[in-house]
Amino acid sequence: MALIIDWLVQGFQMLLVLALCPLLIGFVRKVKARLLRRRGASVLQPYRDLRRLLLKEVVLAESASWLFRVVPYLVFSAVWVAAALVPTFASGLAFNWTADLIAIVALLGSARFFLALAGLDVGASFGGIGSSREMMIASLAEPAMLMMVFTLSLLAGTTQLSSVAQYLLTDGVGLRVSLLLAMLALFIVAIAENGRIPVDNPATHLELTMVHEAMVLEYSGRHLALIELAAALKLTLYLSLLACVFTPWGMAEAQAGWSAYLLGLLAYLAKLAVGGFLLAVFETGIAKMRVFRVDEFLGAALMLGLLGILLLFVSRSL
Amino acid sequence: MPLYWFLGPLAGLLGVGCYALVGSRRPRSDAIVYGISFLCSVLALGASLTHLLTAPAASTLTLPLGLPWSGVHLRVDALSAFFLVIVNLGGAVTSWYGLGHGRHEQAPERVLPFFPAFLAAMNLVLLADDAFTFLLTWEFMSLMSWALVMAHHRQAGNAHAGYVYLLMAGMGTMALLLAFGVLAGADGGYHFADMRAGLLSQQAAALVLVLTLVGAGSKAGLFPLHVWLPLAHPAAPSHVSALMSGVMTKVAVYGFMRIVFDLLGEPAWWWGAVVLALGAVTAVLGVLYALMQHDLKRLLAYHTVENIGIIFIGLGLALAFQANYLNDGAALALSAALFHVFNHSLFKSLLFLGSGSVLSATGERDMERLGGLIHRMPWTALAFLIGSAAISALPPLNGFVSEWLTFQAILISPELPQWLLKFLVPAVGAALALSAALAGACFVKAFGITFLGRPRTPAAAQAEETDTRSLTALFVLAALCVLAGILPGLVIDALAPVVASLNGAVRLAAQASQPWLTLVPLAEAKNSYNGMLVLLFIVFSGFLSALLIHRLASRDARRGSAWDCGFPDDNPAGQYTAGSFAQPIRRMFGSVVFQARERVDMPAPGDLRPARMTVSLRDPAWDYGYLPLIQVVNTVAGRLNHLQFLTVRRYLTLVFSALILLLLGLAIWR
Amino acid sequence: MYGLVFDIAHMLAGGMVVVSFLLLYQDRLYALLNTYALHALLLALVVSWQAYSHDAPHLYVTAGIALIFKAIIIPVVLHRIIQRLGIQRTIEQVLGVGLNMLVGVLLVALAIIVMLPVTAASEALVREDLIFALSIVLLGLLMMITRRNAVSQVVGFMSMENGLVLAAVGASGMPLVVEISIAFSVLIALIVIGIFLFRIRERFDTVDVQAMDAFRGERP
Amino acid sequence: MNGSTVVAALLLIPLSAAVLLVLLPGYRVAARLNVVATLLTLLSAITLFHVRPPANLYLLVDDFNIYLIVLNTWVGFTTSVFSASYIGHELATGRLTPVYLRFYHAMYQGLMFAMNLALLANNIGLLWVAIELATLTTVMMVGIYRTHEALEAAWKYFILGSVGIALALFGTILVYLAAQPVVGQGLPAMAWHILLPQASAFDPALLNLAFVFLLLGYGTKVGLAPLHAWLPDAHAEGPTPISAVLSGLLLNVALYAVLRFKMLMSANPAAVAPGPLMVSMGLVSLVFAAFMLYQRRDIKRLFAYSSIEHMGIITFAFGMGGPLANFAGLLHMTLHSLTKSAIFFAVGHVAQIKGTQKISDIRGLTVTHPALGWGLLLGVVAIAGLPPMGIFVSEFLLVTSTFAREPLLALPLVLGLLLALGALLLRVQGLAFGEPIGSTAPGQASYLPLFAHLGLVLIAGIWLPGPLVSWFTHVAALLG
């Protein structure tokens, strides 16, 4: 029975993030529009967009190969699997043990790897720009993310996300500089990885600075829909991760019962909303930076992560 | 007894090498040579696998050859059996590949005699149980591979490559000679058993470590001793490159492990720090070098440097743990290193073989002149893609598992008491993470520019898919990459005897009994990974989404010209190139590490010259290490050379001075 | 009687050293050759005296070689070669005469310092002979390296060789001295012929060794 | 056949052949006679293994020299075979006239005689005379082409060699003086087999002085830096068979003389150890020659410098002493003479085919002349101390044992070895590989001597025959 509940919870979480992610995007857009004193589209607009894209036919470039057609599915499923491993409203997921934080980072890396390849596949210049810059950003963002992972796992003694969350929830770690630094690092990485301002601008095309949108420029129809969905999933994943690790309050423990689950769900939704709101505020308040400033931005994240680890040693040995 | 199982294949390899000395110009001689090499490798592979899996006691054999008073000692134990598996697996696959690929060889008489001899030499290094045999075969291995590097001696640069290679190999051998000198003592206890039994002072042991790092490290490609590697590996015929990069560097790792972990006794804690630091520097610089390359095979060769760095990070961790009697941690680190050894031999061989197919199909190694090969060579592309993903440490493939294990070993570093290590290990972790991320970029570039996009030259446009034998070899390796990635527990269990033999009988817990074949190196609460489930999930959700979308939404597709924001450009030169792909990273890292300078030559309006951008890179290892050294040698040689042009009178003066000096010495000495 | 034997041997051997200095001093070739003849004559006397005093008749052969071959034939032949080559006026010291002498004195001192302690067990005559012989050898070498002219170098070598014969004779009872001196004479004869040959073939404009070395087989 | 006949044969065959060859016109017959004579000498040398004559006051066959005699006659034989296929070309190109060829063959046998005598001599005076004779014969052969360069090389060799010989004589006299109070006057005081057992009673101070002179004197013949100056030119300008014999044999014979005296020194505990002297001279020669290799433009001079380098190594090994290092030294001595003569064989053919000795004018040999190119390459691989060739064995023993005993001495040793490796490789790669230039005419010469030598060196790298090993170990013990 417990097993079945665990499986159910796991399945529900997977579907939940899938269902919620366009909403999150819509929410962020709405908030941004409001902050700019526009009315903005409905928060449900992303769902409509997805539906429209899914029903359209695909136009493939003549030079596109089989890889180009496979990549959207690959990217989507890799991100989805990664997202499924991040606890949202309840910890102790059924398949938690299949992959830990490092594996989640690497799964996202897989998605990016293939997306970048797809960007090169058609042989048009914009795809190349996108891929090249995406990999440049990733080459700094990924280590920074891993540094954050190191801080957490050195603190909690595990790289298992549920256990980390559990540890932070129960053991009363208290406020730690290292954690703060790790959170900053993760935030910066999240901005970069999701192509948000100031690293990238998800709302524009045809800017010399664009990264993610350039990479997927040749996609259309259902392929584009999958990629957009994967992007939305990724944003949700990062926000969930931030929520799960740094604000684990309200998260249900394994087999905690329906009320706890419900409470956890509400808490999770609230956290996502707050996160989305803050993201929108941050994006509105800041200007897009030049591409070759990005390395400084991300390098800072890497250094913050490393500093977090070192400070951890100091505070531990005191 | 099982040693005899190796002697047969070895004799076969050497015999067929001798046959090729005289018969390599005959028709079908390549089939004979590669066929017999393949058979011998498979036999030896079987023998070594059996030894590794059944883990019997070490078996020894002494042949009345070599040094007269000791003879040639051979021995196979868990460590050598593991590396024998790698060597013979590589040997079997490359021989099979050679069966197909060998037809393209223009100078078979320069390849066929040395190829089996090279395989035999690598086997012999692993079997050697005394210093003499070890070094004899070690240097013989260098010599044979040098001969293979020189096979295409008329191509520009290959002579330089061969020269640098053999010289560095000679230097490495000298360092090992000195190391064995210390281990053997003045009375010449060259047998490894004597060395194991001998006790060395701290200083002597440290000396051995440093010398071994130089000796084995130069062969493996540790920074800054790697300079020969990116020159020599690409110069050889591709299947030999695969052997050199995928297998011979592992033999070097074996040499390091044999001496440092087996013969040298208990390590001091700072050994780990030295090895770790070297490994980290090597890993990061190796991948940065690789990113700057346009030559596909050279890129792969530089990437070997990176992977060697990763392996040495694992070994350094193991040393640090062992020095502090944390043998569980050491077991983890050792397993990670050995796993990576195995992985790298798989995917690097795969990639080099793939590049060989590209080379023989197009005649090009320069990525800027390739492109679009996925259309003409879909199978090669698929295998190369799997290799690229594996080497970029993407789950669920094998490269990720060994990196994951290394990370796990890094994460238990707080148990280390020394402060230097406490601080060093996370920094090494950052370096490892950085190099992993850069590796991803590097292989997006390698695969993307070579196989994707549109062909940049007619040669690339008219490439033909390679032959089936070569493809089989590629897919065997690709399949092994996938298998090792989804069933890592089995590999870890196979490695366990090796780890136990080097680590005071401490090994990782048996993995095969874990539910769902999950990899749980320490405890489930700490960390676990299941590549098989990850693969299943991805495949499942991928198929599910595809199915749903095709059923419920649209499944129409139409071909049209590329959108490219409305300005499609038919000229394939307008695509992103290898150089432009690497430009952001070059700007980020290259300007510091390689003093990268971009120079744009923009003609004035009205001038019809094409605009050009040139990039200049400086190699710090050459600039600060080797070039000054060469300068010194040349200067001294030039100065001394005046002595060739003296008059007889001045020569007599030399004799006279020597005489007076000695007489004075004698007078004073008394 | 012993005193007289010793004194005469001492005088003669010491005389050879003095003549060696004279050789060093000479800067004209003819004078050099004459001095060398004197050197060889003294050697012949030393050897004869040794043969007589030690009752070793075979040494007379050596003495004869020294007298006839070295003191007469060689100087005459070299004389003629010099004449042919027209280099009799050549003055070719590398060091100044004074400096040369000073170095020579130092070499003799070195010979004494080196030889005296090691021969403590031998009889006085042997000790002296050896010291003188070593001095002569060293002075001969010095001469070879301070002269630029091949003929004077050869003379230096020959004086050196005289010193060696002196040592061999002085080492009482040493067998094969005759054979050795014959072998040496052959060597010298060949050297002299060599100079002659080179000239006759007109391979070299001068026998100055420096000019010979114009050959730079290795220069690009 | 008893031992004395054999010894007599060893000396008389070359001597009478020399006389005969002076008289014999027609170079083909002469060349064959030359081969036959050296073969007979070789055969009689081999019979020495079975019948060993007792030592008399002039001649001696003992454990130390027997193998060197066999080696000497063997290389003498192979070189004569090589010479037979080599020298006709010189006649054809007019570098040699028939008269000089007669002279050449006679001198060849004269040299064989002198070297055999030097090795067999039981008398330090006789040894000296024999080495002087060897010097004279080689001087003449070096100058045989009578070019400007050859004559200068001969002259240089002559003067430096004579000075060396003179110094050696002084040392010989001193040794006699040291022995005379103990052994008594006369021949016994010059005989090895009498000197050696009583060496401990000799005056050590006198021995020390004697050794200085002997080392410098015979060291000049060995070619140790800074006494080496004659060697490169003599090798480069003479006929190649002579270069082979010079490098392969004469240097060994001179070194043999030094070693004999070293045995005396080692037998006397009060004497200054000869080791440091030999070690330092060896190292200086090694490192110096290694640097000199880099700027060489003449192929024969290149390998001549390599001979200096190897003589340095061998001298260093004997200077280190001890069973391992002495063993290494003896092995190295043997293998170096085999390898270096093989290299000169190859070089001789190359120079004939290409008509030049300039390294930059020879390229791509493995393409145009596979046997020759690979043979030369193999020879250089061997001489550079790379396995599986035999010199690796001696270098292995030497480097490891030295580093274990005297780490600081091993560093210059290793440095020198590496420098030499670098230089030799640089040159041989250019010679053997690349786009061929120059004549591609097939070589007509016999490659048998070349590959016979290389085969022996290869075998030695993998397996050393028992008798040889026991000889080496025995002599190594004698050398102290």
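Before moving on, here are some points about what is shown:
Order of writing sets the chain letters: A, B, C and D. Residues in each chain are counted from 1.
The criterion applied here is as follows: a contact is a pair of C-beta atoms (placed from the backbone, for glycine too) under 8 Å apart; a residue touches a chain by one contact, two chains touch by 3 or more.
In this text the structure is predicted, and so the values were computed from the model without any measurement.
The most distant chain from chain C is A, comparing centres defined as mean Cα coordinates. Across all inter-chain contacts, the pair with the most C-beta pairs is A-B.
For the pair chain B and chain D, the distance between C-alpha centroids works out to 43 Å. Separating the CA-averaged centres of chain A and chain D is a span of 78 Å. Centre-to-centre separation of chain A and chain C, using mean CA positions: 99 Å. Rounded to whole angstrom, the centroid-to-centroid distance between chain A and chain B, based on C-alpha atoms, equals 35 Å.
The residues of chain C that reach two or more other chains are 114, 117, 141, 144, 153, 212-213, 218, listed in rising order. Contacts with at least two other chains are made by residues 641, 644, 646, 648, 652, 655, 659, 663, 666, 670 of chain B.
In chain A, no residue touches at least two other chains. By the document's touch criterion, interfaces exist between A-B, B-C, B-D, C-D. Every residue of chain C that touches chain D in the complex is listed here, in rising order: 114-115, 117-122, 126, 130, 133-134, 137, 141, 144, 153, 157, 160-161, 164, 167-168, 171-176, 179-180, 183-184, 186-187, 190-191, 194, 198, 201, 203, 212-213, 215, 217-218, 220.
On the chain D side of its complex with chain C, the touching residues are 123, 125-126, 128-129, 132-133, 136, 139, 146, 148-149, 151-152, 154-155, 158-159, 162-163, 165-167, 169-170, 173-174, 176-177, 180-181, 185-187, 189-190, 203, 205-206, 208-209, 233, 236-237, 295-298, 301.
Across the complex, chain C meets chain B through its residues 94, 107, 110, 113-114, 117, 138, 141-142, 144-145, 147-148, 153, 209-210, 212-213, 216, 218-219. Of all residues in chain A, those touching chain B in their complex are 54-67, 69, 73-74, 76-78, 80-81, 84, 95, 97-100, 102-103, 106-107, 109-110, 112-113, 116-117, 119-129, 131-133, 135-136, 138-143, 146-147, 150, 153-154, 157-160, 163, 205-206, 217-218, 220-222, 225-226, 291-292, 295, 302, 305-306, 309-310, 313, 316. For chain B in complex with chain D, the residues that touch the partner chain are 64-69, 109, 131-132, 135-137, 139-140, 142-143, 150, 153-154, 159, 162-163, 166-167, 170-171, 174, 177-178, 180-182, 184-188, 190, 207, 633-634, 636-638, 640-641, 643-644, 646, 648, 651-652, 654-655, 657-659, 662-663, 666, 669-670.
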